[in-house]
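Shared between the two complexes below is chain A, which has chain B as its partner in the first and chain C in the second.
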Partner chain A sequence: MNSSTPGAVRVLVGMLGLDQHEVGSLAVAGMLRDAGMEVIYLGRFNTPAAIVRAAIDEDADVIGISTHSWEYIEYLPELMNALSKAHCDAAVVLGGSVITASDRDQLLEMGVAAIFGAGSASQDIVAALRTLGATRRAGLARG
Partner chain B sequence: MTTPEPTAGTLAQGMSAHRSRSGVPLKGFYGASDARDVDEAPGAFAFTRGRRADPAPVGGWIQRGLSGEGDPTRSNEQFRYLISQGQTGLNFIVDAPTQALLDPDHPLAVNAVGTQGVSLCHKQDFLQLLRDLPLDRITVSTSMTNGLFALTAVYVAARELGFAVDKLRGSVLQLPFYGEDVTYAVHVPFEGRVRMSCDVMEFCAKEMPRFHSFVEDTYFFSESGLNAVEEMALGFVEIRYLVREMLKRGVPIDSFAPRIAIVVNCGMDFFEEVSKLRATRRLFAKMMRDEFGAIDPRSWSVAIASHTSGLSLTAQQPANNIVRGTLQALSLVLGGASAIEISGFDEAFRTPSEDAHRLGLRTQQIIELETGITSVVDPLGGSHYVEALTSAMEGRIMAMIREIEGRGPPGDLIESGWFRNFFEGTIARYWSEIESGQRKVVGVNAHTVPPAEDMLLRDIAETKIRPYRDRIEQVREFKRRRDIGHVREALAHVYTTARGSGNLVMPVVAAFDSEATIGEISGTIRQAYGAPYDAHGMVSPP
Partner chain C sequence: MESLYSRSMPPDVIGITGSPGTGKSTLTGRLASEFSERGLSVAILAVDPSSPYSGGALLGDRLRMPDLDRHDVLLRSMATRGASGGLARSAADVIRILGAAGRTLVLVETVGIGQVDVDVARLADMTVVICIPGQGDRVQAIKAGLLESASILVVNKADRDGADGVIADLQTMLRVTAGVAARPLLRTVATLGTGVPELADALLAGLEARRAQCETRKTLAGEVRDLVDEDLLQSFWTTGGGEQVLASLLTRAELSTMNPYGIYRALLAARPLPTLSQCSAE
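Take a look at the complex of A and B:
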């Protein structure tokens, strides 16, 4: 079921490495689709390189990484570097209840656009992604 | 399809004053006319009231926690500590690469080695993991996706450590149906997964008669937001399929049925969880006797272990999870569970800590030693409400089993993604219930506090387990030093056996003896079933 509208925010949703707890990832993907976004669902078993490739191929506005393992701690710096090397301007958003307060600061420092932990309301996630999508589109329009 | 189609179990949406969580309509109170006329004794068919007639002298259930982290040496220390603390069984979980049957030196494993369980790869690991443990006195249960690798690991270790393999007690999971969709994909085709399960069951029926060769695990997939009826219906569909496969092989039902066990989830609907255990025992007994013709009473009475729901735990106000675990454990004791693990109170935000493991064990010890609840078998038996709910659950589970089986061969449903769609629907339903407030969760959508005030037990989340990168080099070194000729020869034997119809257990044991690894042996089996050696296309056969 695809209820997205033309010009909808394009969001890549995926997980990194061997993190196999997919419940959160699927729940968020469904929620974003219901909010009218175009979700490209990459699912499990991605490397940072694969995410970057998909983000470019799919012209994603936002890369949403779901995490239920600690692998993000090691993978996020690699992902941010790879994006910057590939001149990919998609915004990176990370979600998962394993992300702690001290990680959050480091991740934002690294250039992660937003972090959603336990208790994030879906309307807040949707609003943040719409803003990030609109910001990227405006940047593209300005060239 | 984005939501589960309505079935006996899925019509319901959350718990209300008038319905149980899985949709059983509830009255304001129950009287004698509501309960079926039960004149059943504990320890007798249909085992609704429990597997044993008398209260066990101590507790009556195996008290354990899920454990295992880092490398085998570290996990072995953890196991010895838990045994010294009074734990009567081990249940070890392996890390994400091992669950996926990948070696630590696989590129995707680099950030996951040893963080969510113990990293296992080759024979020396199995010996190190289980050394200096009284394997003749404790049960060794395994929380590993693939039963063939779990069984051969335990077998090799016990044999080398000098224990009589035919006396071993413990268990392996068999999850050929749903594991691929919702937890740890091993990328072996369905037919191969079923074959590995049946090979283990057939081997154990002859060689390891005390070992539970088939634990149906309804825990992991029901964490996708399934209700109790859906959980047990899907579990029974898998049990029934594997039993029929065994009968097709000509293995007598009474040679393996006594060693089937079920590990269930346990959520927060207290009486429904009690009734679920009672209904499950009754359904299993009737199925084994009346449908599959088992005549040994041990085939009729199924042991039910439980792991309390991680999904029911909250990252908000984590101390509340201690209360949730206690209530869940209480419902399990009242329902007659044979073994209990309480999810760590910190599970919503980290792989459970040592403190959380210990607290889970202490919770059970308090119930056992201080409350007097265990003095009488099935203390809720005869309660008008519990008996009525047990019968209602039984009827609904059976109706959903029939409905799923009526859809055609389960293998086709799996390969066509029907179950995966079903799980996606239950996940969406669960979150929408919480989001809408229909399902109340304290600390999440009721009685919340600002994050700044939510600090109790919070510090425990900051202690994270880093990947055991050293182990990657150690495994590379292990692979360099072995006799690769022996390894290739043993893998070739695994391959030809997998292509044919022989039992895979001893060829896999022989491959471990040749110093082949889990990743290599599983890759060989994948190839025999026409799948790539490595689903991720990153490593090649040795």
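Take a look at the complex of A and C:
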């Protein structure tokens, strides 16, 4: 469905698995809204399948996963697989405090578009998401 | 967009409205699951306000509807983007697209504030207005004008103290407001699903009644058209003297040069087509 205006980037924000720490993802959601994006907030306890479903229903440009537990190591590959199986072209972005340097490389290899550690500046996150959103929209416009 | 309008049946639309925090999302999710279990193909359109400062939006309704995956309910969130008239337009388009995607019933959750709501509610075949206990002044439980736009009134959070008071107030308001006495008034506990099957029943009955009314309207229109046709024919051929003119034209025309179009034009020149005001319907 392309009922959205090209202007507003649509971003899913949510957490996978049993990760409890919601403060970070709520803060990011507010920050993205204040940067003019439309944030579809999914909260805690999502399965990869539910995220894929939401991304398709909502025509999301970007899927932002917030993680503060080690579970992402298990869930991210599952999410990336499910997305490609569903032909969903939303860009996946991971943010959180626990991502190690070696995991980082592996995740990027897997197709994760960007990773933000605990110290990331909010304007960098916003700029990256804007670029990802614009890139996807341009792709859609070309068909 | 236009081609969609000609290709697919519009879905039935149920609007769900009420002040923020009354449980619209929770109830909408429950209703969607209930309808889906009854075999209907359901979608939800959840409308939330855009931030007037940044133009961005936090669309949090999905969070309150964790059950949708199990029931194949499609949920689309939408921001008001500041434009009230424009929102109604694009909401109508999204509803149409959902219909073209095979969804026969669309539940629209609206923000519950202001003009945007009234605009979106106009798209709905049935509108549910939600009130809850504990909103301070009991009589304030429902805003002026909302009563009239409701097809069904729901007191949600009926597990809370004060639900009976709100019900009593609403009953009084229904009694004293012209034209709304027959509105169903139901109580629900959306978090538990209590009262949801009854609400679904009432909504389906309402949609059915509307359809029947629509059919009646179509039948009536057809009958009136028949009357007009008959009247026009009568006024042309008989009372208007068309038959006589035709007969005289036929005696004058050379049989070999007779052409129906030519005679038709001559007939019209002699006998102008009757207008409806000349007809003498009884």
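Here is the rule we go by: the second predicted complex is superposed on the first by the 137 of 143 C-alpha atoms of A that agree within 3 Å, B and C clash if a C-alpha of one lies under 4 Å from a C-alpha of the other, contacts with A are read in each partner's own complex, and residues count from 1 in each chain.
Following the convention adopted for this analysis, a residue touches a chain if its C-beta (ideal position, glycine included) is under 8 Å from a C-beta of that chain, and two chains touch if they have at least 3 such contacts.
Everything quoted here is computed from the prediction, not taken from an experiment.
Undergrad: Is A:51 contacted by the first partner chain B, the second partner chain C, both or neither?
TA: neither
Undergrad: Is A:83 contacted by the first partner chain B, the second partner chain C, both or neither?
TA: After superposition on chain A, A:83 lies in contact with neither partner.
Undergrad: Under the stated touch criterion, which partner chain does A:102 make contact with: chain B (first), chain C (second), both, or neither?
TA: first
Undergrad: I'd like to know which partner A:122 touches here: chain B for first, chain C for second, both or neither.
TA: A:122 contacts chain B only, not chain C.
Undergrad: May I ask you to decide whether A:62 touches chain B, chain C, both, or neither, giving the answer as first, second, both or neither?
TA: neither
Undergrad: Quick one: classify A:30 as touching chain B (first), chain C (second), both or neither.
TA: After superposition on chain A, A:30 lies in contact with both partners, chain B and chain C.
Undergrad: Determine, under the contact definition given at the top, whether A:41 touches first (chain B), second (chain C), both, or neither.
TA: Touch status of A:41: second partner only.
Undergrad: Is A:92 contacted by the first partner chain B, the second partner chain C, both or neither?
TA: neither
Undergrad: Going by the contact definition given at the top, which residues of chain A touch chain B in one complex and chain C in the other?
TA: Shared contact residues on chain A: 1, 30.
Undergrad: Mind listing the chain B positions that touch chain A in their complex?
TA: Residues in contact with chain A: 2, 96-97, 99-100, 102, 107-112, 115-116, 182-185, 223-225, 311, 314-316, 348-351, 423-424, 427-428, 430-431, 435, 444, 448, 451, 461-462, 464-467, 535-536.
Undergrad: Considering only the defined contacts, which chain A positions touch chain C in the complex?
TA: It is residues 1, 3, 5, 7-8, 29-30, 32-43, 49-50, 53-54, 57-59 of chain A that touch chain C.
Undergrad: Name, in rising order, each residue of chain C that touches chain A in their complex.
TA: Against chain A, chain C makes touches at 50-51, 53-60, 62-63, 69, 74-79, 81, 90, 93-94, 97.
Undergrad: Please give the residue numbers of chain A that touch chain B in the complex, ascending.
TA: So the residues of chain A in touch with chain B come to 1, 16-23, 26-27, 30-31, 44-45, 47, 69-71, 73-75, 97-98, 100-102, 117-119, 121-122.
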